[in-house]
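By written order: A, B and C. Residues from 1 in each chain.
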Amino acid sequence: MKKMITIISIAILLSACSNTSAGNDSELLVSAASSLTEVMKKMEEEFQQVEPDIDLSFNYGSSSKLRSQIEQGAPADLFLSASVKDMDLLESQQLIESVSISPFAENRLVLASLEEFPESVDFEEVVMDAEETIAVGEPDSVPVGEYTRQALESQGLWQPLEGRLIYAKDARQVVTYVESGNAGLGIIYSSDAVISREITAMLEVPGQRDPVVYPGAVVTASENQQAAAAFLDFVTGPTGQAILEDYGFLPGDGKTP
Amino acid sequence: MLKVDVQKQLDHFNLEMEFELGQEILALVGSSGSGKTTLLNCLAGIVHPDAGEISLNGRNFYREGQKPLKIQKRKVGYLFQDYALFPHLTAEQNILYALSRVADTSPITELTKILGITGLLAKYPHQISGGEKQRVALTRAMAVQPDILLLDEPFSALDDANRDRCQDELLRIHRQWQIPIIFVTHRIADAEKLADRIIRIEKGQMTEQAVF
Amino acid sequence: MMPYDLSPLWLSLRVAVISTLCVFLVSLALARLMNRRDFFGKSLVEALILLPLVLPPTVIGFALIVLFGVNGPLGILLEQWFGFRVVFTWIGAAIASFVVSLPLMYQSVLAAFEKVDPRWENVARTMGVSEWRIFRTITFPLAWSGILAGLILAFARGIGEFGATLMIAGYIPGVTETVPLAIYFAYEAGDMEKALFWVLIISSLGIAAITWVNYWRKKNAIRIGRE
């Protein structure tokens, strides 16, 4: 019995602690696709100028991981996804505010390397001739991997490259694999290639049907929806779009896809 | 001829031994912890003295400042106080352990008969009694035909009949091989029956006793 | 159960068998050295061997990447001398397994050696038997049951290694996809059935190993007995 009381009081204590930290109204928790890591630093800086009362904190990961975190009730106010599919899945479960969904950026896939590609080679030659390991996103759980598989499959290149493709757990890791030199080639977002200091060579990946669209939306369970909407507005607004462009993203078309 | 002149610092006293031994049987007596086993270990090469020298038949076992002779090269037969039989080998495998496959084992067979252990050769150490282990270990120490025999309490676990048999056999082997034998005992009767000489050790200091 | 590609199982077994074999030889040599000799820096060497026990796998993975990466000192050396790569290959997985299971095996072997009464070795020495033969016929057989327990531990740890493996060997399906990686990525992709399949496989392997060791030890205890 004594034990029981101890356990219960510890549980109460712990929940009290977590309540105090979650109760901070001005803190906005943004779940953002890992490919947004760099641009969001700048975004936060600029946003502070406009809305100094809203404190931003970010949780980066692959969009599908963030999606499943939201499904499991993890705290998040705003979801910035690198895939329409994950956003749709959340929408169908009414876990995000449908009206708030707005695409804020687009991206493309490029083949990246630390060494310049020879002039006048095409994509297929580079990937088939090289003996290097090629880093890609995990195709079943990471959007950049899913897009990569779609593109390569449409060119009939997915099967022949099997065994040379190393799967990364999110878009950032693909970049890390290439930047460290441990993977000779990697298929990454052009935005990541643009901001990378080490990556010097880029080659457009053929067979991309549609551009990669980044949708953002306010999370239904958020107690801070106003602030979340404000930040999303900022991202889709002129200042946000200009920053995204600086970081190698294409502007979103602003409408629900 | 065994020449011993050693000093070794032990926990509570200094072991100082100086004696020469021909092809005789020497009994070491004295209360436990007085340094008897340490002396045997020094002779066998398991521990080394701090100073002095040990030699057998002109071969240097130990001399201060020199590298001591390896245990393997000393050709000592050593019966440990608690026998130290290899637990994973049978009595027979224990006895024949160091012998090459082509070696003539007939003297050993003879020995096992005399000591009455023929019947337990196939048994493992944990299957036989303390007295039987002692005789197996004694046979093992003699099987390698050593230049000197060191026996630490060799008869302690034996009943009277077996003790007599073992002691008679030891005397016979001594006559036959003509090697120095040193044995540790706490029974004055054993010492007086077997030994040509008796040395008493107390707190590391030795005194030679007269044998009557 | 659905038929899955069994290559992760074969890869895991290959990685664990090879790393355990190396761990076996290295820890025998190390334990013998540590048991016998005193030298300057001995406790430092011992601490280094045991370090992976207390470090998070990510630290080990990080260290391995830094050492064996394409631009790491050992990585460059191996590529120039032997022409093979460690990063993103199954060899990387084997090295990760080796590092994490070495301390387990080392501790078991050391304990097993320490349990072998030095009198047995000494009595064999007085009989003129060489050190190597003493090791083969006395020390090793008497330490064997402890060594075997260490082997099973090392094997189990090796086959279960995940964190450092993911960092150094990465996830290349069919090439560096060990069972723990297969479980992780199946779960990540929401394929619970596949994850469960591998969880069951690896669990039954573990149960079989433990059962066998217990049985073997009992049998062995009866045969050797105690003096």
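The definition used in the following text is that contacts are C-beta pairs under 8 Å (C-beta built on N, C-alpha and C of every residue); 3 or more make two chains touch, one makes a residue touch a chain.
Quick caveat: nothing in here was measured; it's all calculated off a predicted structure.
If each chain is a dot and touching chains are joined, what shape do you get: line, ring, star, complete or other?
Contact pattern: an open line, chains touching in sequence.
Point out which chain occupies the most central position, where each centre is the mean of Cα atoms.
Answer by centroid distance: C.
On a C-alpha centroid basis, what's the spacing between subunit A and subunit C, in Å?
38
In whole angstrom, how far does the Cα centroid of subunit A sit from the Cα centroid of subunit B?
Roughly 81 Å separates the two chain centres.
So, what's the distance in Å between the C-alpha centres of subunit C and subunit B?
Once rounded, the distance between the two centres reads 44 Å.
Subunit C: which residues touch two or more other chains?
Residues: none.
Two or more other chains in contact with one residue: find those residues in subunit A.
Residues of subunit A touching two or more partner chains: there are none.
What are the residues of subunit B that contact at least two other chains?
none
Where on subunit A does subunit C make contact in their complex?
Subunit A residues touching subunit C: 64-65, 68, 133, 138, 140-141, 162-169, 177, 180-183.
Show me the residue ranges of subunit C that touch subunit B in the complex, using the header's touch definition.
Going by the criterion above, the answer is residues 117, 119-120, 122-130, 137-138, 141-142, 224-227.
In the complex of these two chains, what residues of subunit B are touching subunit C?
Touch residues, subunit B against subunit C: 44-46, 70-78, 80, 82, 84-88, 97-98, 124-127, 140-141, 144, 146.
Would you mind writing out the residues of subunit C in touch with subunit A in their complex?
So the residues of subunit C in touch with subunit A come to 65, 69-71, 87-88, 170-176, 185, 188-191.
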